[in-house]
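Next come two complexes built around chain A: one with chain B, the other with chain C.
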Partner chain A sequence: MLHVDDLRVHYRTLRGDVRALDGVSFSVADREIMGLVGESGSGKTTLGKSLIRLDGRMRHVGGTVTLDGTELPIGDDGRMNAFRFNDVSIVPQYAMSAMNPTRRIGTMIRELVTSRGIRFDTVRSELDRRLDLVGLDREVLDRYPIELSGGMKQRMVMVISTLLNPKLLVADEVTSALDVSTQRAVALALAGFRDRDLVHAMIVITHDVSLVYQIADTILVMYAGKLAEKAPTDVIVERPLHPYTRALIAALPEVGVQYAGKRLTGIPGGPPSLRPPPPGCRFRDRCPVAFDRCAEQPPFVEVEPGHSVACWRAS
Partner chain B sequence: MGRYFGRKLAIYALTFFVAVTINWLIPRFMPGDPVSRMVARAGMQTPEGVAAMREYYSSLFGFDVPVWQQYLNFWGGLLTGDLGVSLWAFPQPVSSIIVAAVPYTLGLLIPAILLSWWAGNKFGAYAARKKVLDNTVLPIWYVLTATPYMWLAILLAWALGKVAGLFPVGRTFSASLRPEWSWVFVTDLVSHWFLPFLSLFLVAFGGWAIGMRNMVIYELESDYAHYLGALGAPGKLVRRYAFRNAMLPQITGLALQLGVIVGGAVVTEIVFDYRGLGYLVLEAIKSSDFFLLQGIFLFIVIGVLVANFIIDVVYVLVDPRTRAGMGGGA
Partner chain C sequence: MLRLDGVSKTYKVGALARKDLHAVRDVSFELRPGEVVSLIGESGSGKSTIGRMILRLTRATSGTITFDGTDIATLRRGSLKEYYRAAQGVFQDPFSTFNPVFKADRVLTMIRQVYFPGTGDVEWRGRVDDALSAVSLNPDQVLDKYPHQLSGGQLQRLLIARALLLDIRLLVADEVISMLDASTRIDVLNLLADLKERGLAVLFITHDLSLGNYLADRTVILRRGSVVECGATSAVFGDPVHPYTRTLLASVPRLGIRWSDEDLDPGPCRYHAVHPGGGPPLAEVGDDHLVACFAGNDERECV
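Showing the complex of A and B:
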């Protein structure tokens, strides 16, 4: 069970702080796959990284992250190390280049595991089972990363990241670099890890709503460093309340609908600058239903069980 | 694997052939005629004497046969180790002059290059993660490597040789000594060797250190380093990987350095009057001794090719990405 409470993470830049995560609170239950959706720059990757490792420019400004009753020291790189890989793990955005090009994959895994104080023999048989699970030959361990295709590398990284059965797995844009048929295989492999209880909870970060629709139990929509809406997948897709979520869903093409002579609608405008963000609701400028009250920031409140939204019109 | 090296060897053989041919052509297009030079040196007065000497030297240098025959003879001589006769040290054969000079050049350059490479890489990798070192010590080497080498060498010779008087300047060993395995000779040799060595070491060290520092910083910011960090791998493992990968371009750099080594460090040897191959190059040019020049160039060509071949082999061993290309026709 993951609780994130009022998490604030800023990027330090020469022209002031960028408030990439500005007071984010949500929970992920055990066995839940949560899809995290938003456009580029909405803060979804920042959120994913914050849960495991802040990069050099990120600063933990406030808020807490609690995993199974233990608070994660996310601002303390040294103390956080004990939790990484064991409790929290990540499948990074850059899986294509995540493995050392000059080491055999098996050697790299052995050195990584050994460096964490775990004997390689104890995970060896589990490693083989996981390879079977994602449909990779066991002999890939004797190969170098360049000898694998993109989809194989992606699955290999998934196996490495989940090897120690983490309580929380963050999968960041895992399918973005893959073609559609491989995307499905990777998405199903992710769900398979959860179904076999190898990973307790999972956050799948993507800008591809149709991907999370296939595997996620709930979807969290982010906009400009704030949460917009969180609800079970069906609710988000069928009865979204936040105008941004509605626009996002409306922009998806539907199967069986003829689009000849009819343009797919997009969302006009772009997100505001976060350095610092304007007061009030951040979607205000692009919102079709904005009114006077939107000059004040709407709170992220639960409108029905399991469905929270940050919009004056919805609550 | 066999096909890969077969193809490589064929390319090297072709390169060698072309290089030797060009090496043979260049002196023949150069102004100045060695025969006239030798005749003039003899100072003959009578036309008959001049004609006789011309004939003698023409046949000695092999100029009395058609050009194509000269070319074939050159290859024949080359394969039997006969590189002709030097004009500068007439009548010593070129090969024995080169063989006598080579130990001094190698004894100077191999330690300078290998030590500066080893120490520079270590220091550069260390400076990459120690900000203080990076900001204080490394700038000294930015200046040193940017300084014209000749000026630096002269400065060293002046400061440590002339002013401080710690080391002798000029010659490979004192003129009063002859090469032998005695304590006196060896210490004399080493004291003459030290200043040229130091000048080469200082400049090369900075170059390696700066290159390595940049490469390690780049590698530490690469995706695999971030991934290992996210999985909680200790910095030691990440740095080991980064160092190993950053070494690849440094190995190439070392190979190129070792390849031209046989040409000697011409400037060093001139500044310190150190009598190795570089010194020979200068003397050969001054006395338009193109047989000697040809011999030295041939030596350099062979050195570059052998070093490149060794590095091809080493690369295959250390970088799996080169191995991937071996199967295909690329």
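Showing the complex of A and C:
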């Protein structure tokens, strides 16, 4: 079980702090796959990275992250090391370049687990089992990363990231660089890790709502560093409450929809600058139903069991 | 208007260029005025190579590409310049298309220098305003700005406006919206639909089936350089025949429909039902609906 409470992470720049995560609170239950959806600049990748490793430009300003009752020291790079890979693991956005190109994959994994104080022999049989699970030949361990296709590399990184059965797995845009047929195989392999109880909770970060619709139990929508809406997958897709979620789903072209029959509309304007963010609701300028009260930031509140939303119109 | 006849492209690869890579094999299709054709394929299918050959950025190894009856391979200096007055391309990454050192509207000024040196300032300004309003850009927001001050959607629309300054009749749009956010990409798609209504022919190259479907009158599905299925969009998407097209469609994540393990068995080869002893690369299986032999998919063998 993951609890995130009022998490604030800022980026330091010469022109002031960018408030990429501005008070984010949510939880992910055991065996839950949570889809995290947002456009570029919404803070979704920042949220994913905050749970495992803040890079040099990121600053933990406030808030806590609790995993199975233990608070993660996310602001302390050194202390976080004990949790990484063992308890919290990530499949990064560019898994294509995540592996050491100068080592055979098997050798690289041996070095990796040894560095964590684990003997390679003890995980070897499990590694073979995991390769079978994602449909990779065991011989890939004797190959160099460059010899694998994009989809194979992505699945290989998934196997490595989950080898120690982490409590939380963060998968960041793992399928966006892949072809549709490979995308399906990788997404289903990801869901397979949860189904076999190899990871407790999973956060799947993507810009593609229809992809997380296929595998996620719940969907969390982010906008400009704030949470907009969280609900079970079917609720988000069938009866969203936040105007942003509605507009986002309405803007998706689908197979079978043609402009002559049903002309879709985008969302006018763009997200606000977060340096610093404007007061009030951040979607206000683009929102079709904004009114006076939106000058005040709406709280992220539960409107029905499992369905939370940050909009004055909804609550 | 634009016609591809048996176009192939072979690259020399490997040590000392001893191996042949067939990027495009024997591709034929046609593009008429006011028509949008979607060219859909996964990575390595040769879809971008076809777009580049149409724009004469690469030469075809064999086959001919004709524009208004003229083989574009024969175009030289002056006539090639006239071809580019009628046919333009827009590509995937708007950020790398612009030189970050110069202001973004330099791409418009360059068109004036090359194609309209005699046009007066007032008339030119009017043309720029027309082109910008056609792509729903506000001149005050985009002119006199550097590329980093504009969003991806604005830059992409600026590039389309640049093409519109010429009297283009053909636009090759290669993955123009894959880098854009969901909330803005639909605006660029609608813009292409409006241009089509004005009589522009658009070759819409994409890997995303749902985006290709939204605009296109006709669809061409490519696999490893060859056309596997083509025809009216309603036929190709509504009644996919080739096993590859069916697999692709079943893999597209859709809202409201979950992936299922439905049986995709396409039955016996429909190509050989039409041409039992072989023949042209594609067989007609319906009104404006052509399909290639099923062989080569899932190790299927065809007689």
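Everything below uses one rule, namely that the second predicted complex is superposed on the first by the 305 of 315 C-alpha atoms of A that agree within 3 Å, B and C clash if a C-alpha of one lies under 4 Å from a C-alpha of the other, contacts with A are read in each partner's own complex, and residues count from 1 in each chain.
Basically, contacts are C-beta pairs under 8 Å (C-beta built on N, C-alpha and C of every residue); 3 or more make two chains touch, one makes a residue touch a chain.
Since the model is a prediction, treat every value here as computed from it, not as a measurement.
*Asks:* Which of the two partners, first being chain B and second being chain C, lies in contact with A:125: first, second, both, or neither?
*Replies:* Touch status of A:125: no partner.
*Asks:* Once the two structures are superposed, pull the chain A residues common to the chain B and chain C interfaces.
*Replies:* none
*Asks:* In the complex formed with chain B, which residues of chain A make contact?
*Replies:* So the residues of chain A touching chain B come out as 52-53, 55, 80-86, 89-90, 92, 94, 97-104, 111-112, 115-116, 144, 146-147, 157, 160-161.
*Asks:* For the complex, which residues does chain A have touching chain C?
*Replies:* Residues of chain A touching chain C: 39-40, 150, 179-181, 183-184, 187-188, 207-211, 213-214, 237, 247-249, 251-260, 263-267, 270.
*Asks:* In the complex, go through chain B and note every residue touching chain A.
*Replies:* Residues 222-224, 226-234, 236-237, 241, 244-245, 248, 318-321, 324.
*Asks:* Considering the complex alone, what residue numbers of chain C touch chain A?
*Replies:* The touching residues are 42-43, 151, 181-187, 189-190, 193, 207-211, 213-215, 233, 237, 247-249, 251-256, 258-259.
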